[in-house]
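There's a structure below that I have some questions on.
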Amino acid sequence: MLQWDPFILTFKLATVTTVILFLLSVPLAYWLTYSRYKIKYVIEALVSLPLILPPSVLGFYLLLAFSPQNAFGKFLEQYFDLRLVFTFEGLIVASILYSLPFMVQPIHNGLKLLPLSLVEASYTLGKGRLTTLLRVLLPNIRTSLITAFVLSFAHTVGEFGVVLMVGGNIPRETRVVSIALYDEVEAMNYEQANLYAVTLLLFAFLTLLIVYLVNYRSRLGKVI
Amino acid sequence: MIEVSIKKKLFSALGKMQLDVEFTIQEGELVTLYGPSGAGKTTVLRMLCGLSSPDEGRISVRGQPWLDSAKKINLKPQHRDIGIVFQDYALFPNLTVKENLRYALKKDQPGAIVSELLEMMELTNLHDKKPELLSGGQRQRVALARAIVRKPKILLLDEPMSALDTTLRLKIQDYILRVHEQFKLTTILVSHDIMEVIRLSNRVFLMDHGKIISHGGPTEILPIESLKQMVGKLLD
Amino acid sequence: MKKIIFLLLFVITTTFLRGQHSDAILIAAASDLKFALDSVITVFKKANPGARIEVTYGSSGKLFEQISQTAPFDLFFSADIEYPLTLKKKGIAVSEVYTYGIGRIVIWSNVLDPNKEQINSLLDKMVNKIAIANPQHAPYGRRAEEALKHYKVYENVKSKLVYGENISQTAQFITAGAADAGIIALSLALSPAMKKLDGHYYVIPGNAHKPLEQGFVILKKAEQNSVAVAFKDFVLGTEATKILGYFGFNKK
């Protein structure tokens, strides 16, 4: 019988992760674009790391870091009553790190393509950095923003290795669709497994379709 | 009213160059920076706005220091009372003509100036169009209008007409003159076009390799060969 | 636009306002118990309609690790009693450790009938890949390895071995055709899912490996949980014992 809990969990995880990721990534992408410090190349490489790192590596280090048996995990539990292993909150943190490049890179690439004269014009018209960002820069990279959002969301939906390591397989807490799928296959419930798999497949396809459409239309000159 | 003395080491495709420039401009003048590409003209404009900084130097406007490297004063562009028209116009693609102008308004500045400028530049019927729909000449006028919204004392124009054909150039020159007079501006123009320079400026600074070689009235300064060029054009 | 923001805020706030169910229990159980424990739980729920019980199946070693790292389970059913005993020593388990069965391993295949040649069927040329559970953290995998060594066939079959994450995945490998034969838990071979497949199994004699004493325990998290205690009692009772016996979990 198809359970809805994994879908709800996956949806919540992807939504919360994407929103928080957006709020973190805009300042980061901005800094990467306009900063003159050489260290930005190091940061850029770090940000891209999750793209090529095997998820189990990320998961492993996160597990070590968050474990209540180690210093950081203990600290979190003592002062914030927060546990990041085997919890939904832990998945959010892990997903943010795992999907970081998918949010930062499109925004960064979009900003890089904007003529610097736009920023300079805004400054000479008396506007500060924040106003320039909100009223000039972001509105002009709408396509990049959509791409970033959609890709990050979809990437989080598809997460498996990191989730398994950091979250375990706790029903209604960390058993997201990708894990539930794995579970059903192991238990040889192939029909249920297929339901989960087909849903994820359709979703992935739809995501890519949207991203391509948005980018195609923008190249044609339409705003969206 | 504008006193400038700046030095900077510059690197370009042509190699190293030492920018070393000193000049004074009186209020109400319309001055042109004239010279070959890479002479440093745009750099001077950028330093006046605060978009670039010299290695050392001083810039003061009406006695107020905008830049003083010895005293570590360097006003941000936001705090300099200056308007600039960029070579690529830098119009905000997401805003209409009117919104581009309104963006420039100071806090609590009445919006009447926007309609006044739209009318003056004959842009009123284009007010709700986005820049991508405008022609080169129209965009030029918007950029010029936007630079004036805040009623700055100084107007800088970085080769504003290089992308336009002759008839349009003449029109834009008219607008520049009109604006210069109406708003009592002190204007600095960067241009290669001799006709334009003669038509618009009180004074010309001839620049090459980062230095001002000579300055004076347009007809005294420009080399004889260029005058010949001008004659040639007139005969066409 | 505003609607989207509102929806997002709604999702975010409901995410962090999740109620706790104090009458629910979360069980960590060895994969070989999949069908047996599911049945026991179904019967328990009939007698206790309000109870909420969720199970996470996995290899005992993995679950042991997770529990040691504070995974929020209430009960732990392990295919190897050593794990719950260790948890008890560490103070993470709070009840006695109860035995629920002795695990047995079988050779299962749908490519040939292992009863004919018994242990030597693994040497048959029709058998190219043999699945066992990963001995590093799955008790059934360790016992499989022991049995192979006991019969001195380990060196011959070593190159044909593929490892499942846990005993369930091991079975799944064989049924899906990734392996031609394998050593799995008797309880899985007796399950409806596998019984209806076209396979045969041969029970490996118990003296070929260390006995696989299986035990369960209540964990610290469930110290005050009455449902956990009720469930423990039920498992030790006659009805549950019968069900477990049907799946091959006998206490002897």
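By letter and in written order, the chains are A, B and C; residue numbering begins at 1 in each of them.
Everything that follows uses one rule, which is that a residue touches a chain if its C-beta (ideal position, glycine included) is under 8 Å from a C-beta of that chain, and two chains touch if they have at least 3 such contacts.
Bear in mind that the values here come from a model prediction, so they are computed numbers and not experimental data.
Looking at the partners of chain A and chain B together, they share no chain. Closest to the protein's overall CA centre, chain by chain, comes A. Measuring from the averaged C-alpha position of chain A to that of chain B gives a distance of 45 Å.
The geometric centre of chain A is 34 Å away from that of chain C, both derived from CA atoms.
Mean C-alpha positions place chain B and chain C at a centre distance of 79 Å.
In chain B, no residue reaches two or more other chains under the touch definition. Residues 8, 11-12, 14-15, 18, 26, 31, 34, 54-58, 66, 68-72, 165-166, 168-169, 171-172, 175, 193-194 of chain C are the ones that touch chain A when the two sit in their complex.
The touching residues of chain A, when paired with chain C in their complex, are 11-12, 15-16, 19, 63, 67-69, 83, 85-88, 168-173, 175, 183, 185-188.
Of all the residues in chain A, the ones that touch chain B in their complex are 115, 117-118, 120-128, 135-136, 139-140, 221.
Contact residues of chain B toward chain A in the complex are 49-51, 76-78, 80, 82-84, 86-88, 90, 92-94, 103-104, 106, 132, 146-147, 149-150.
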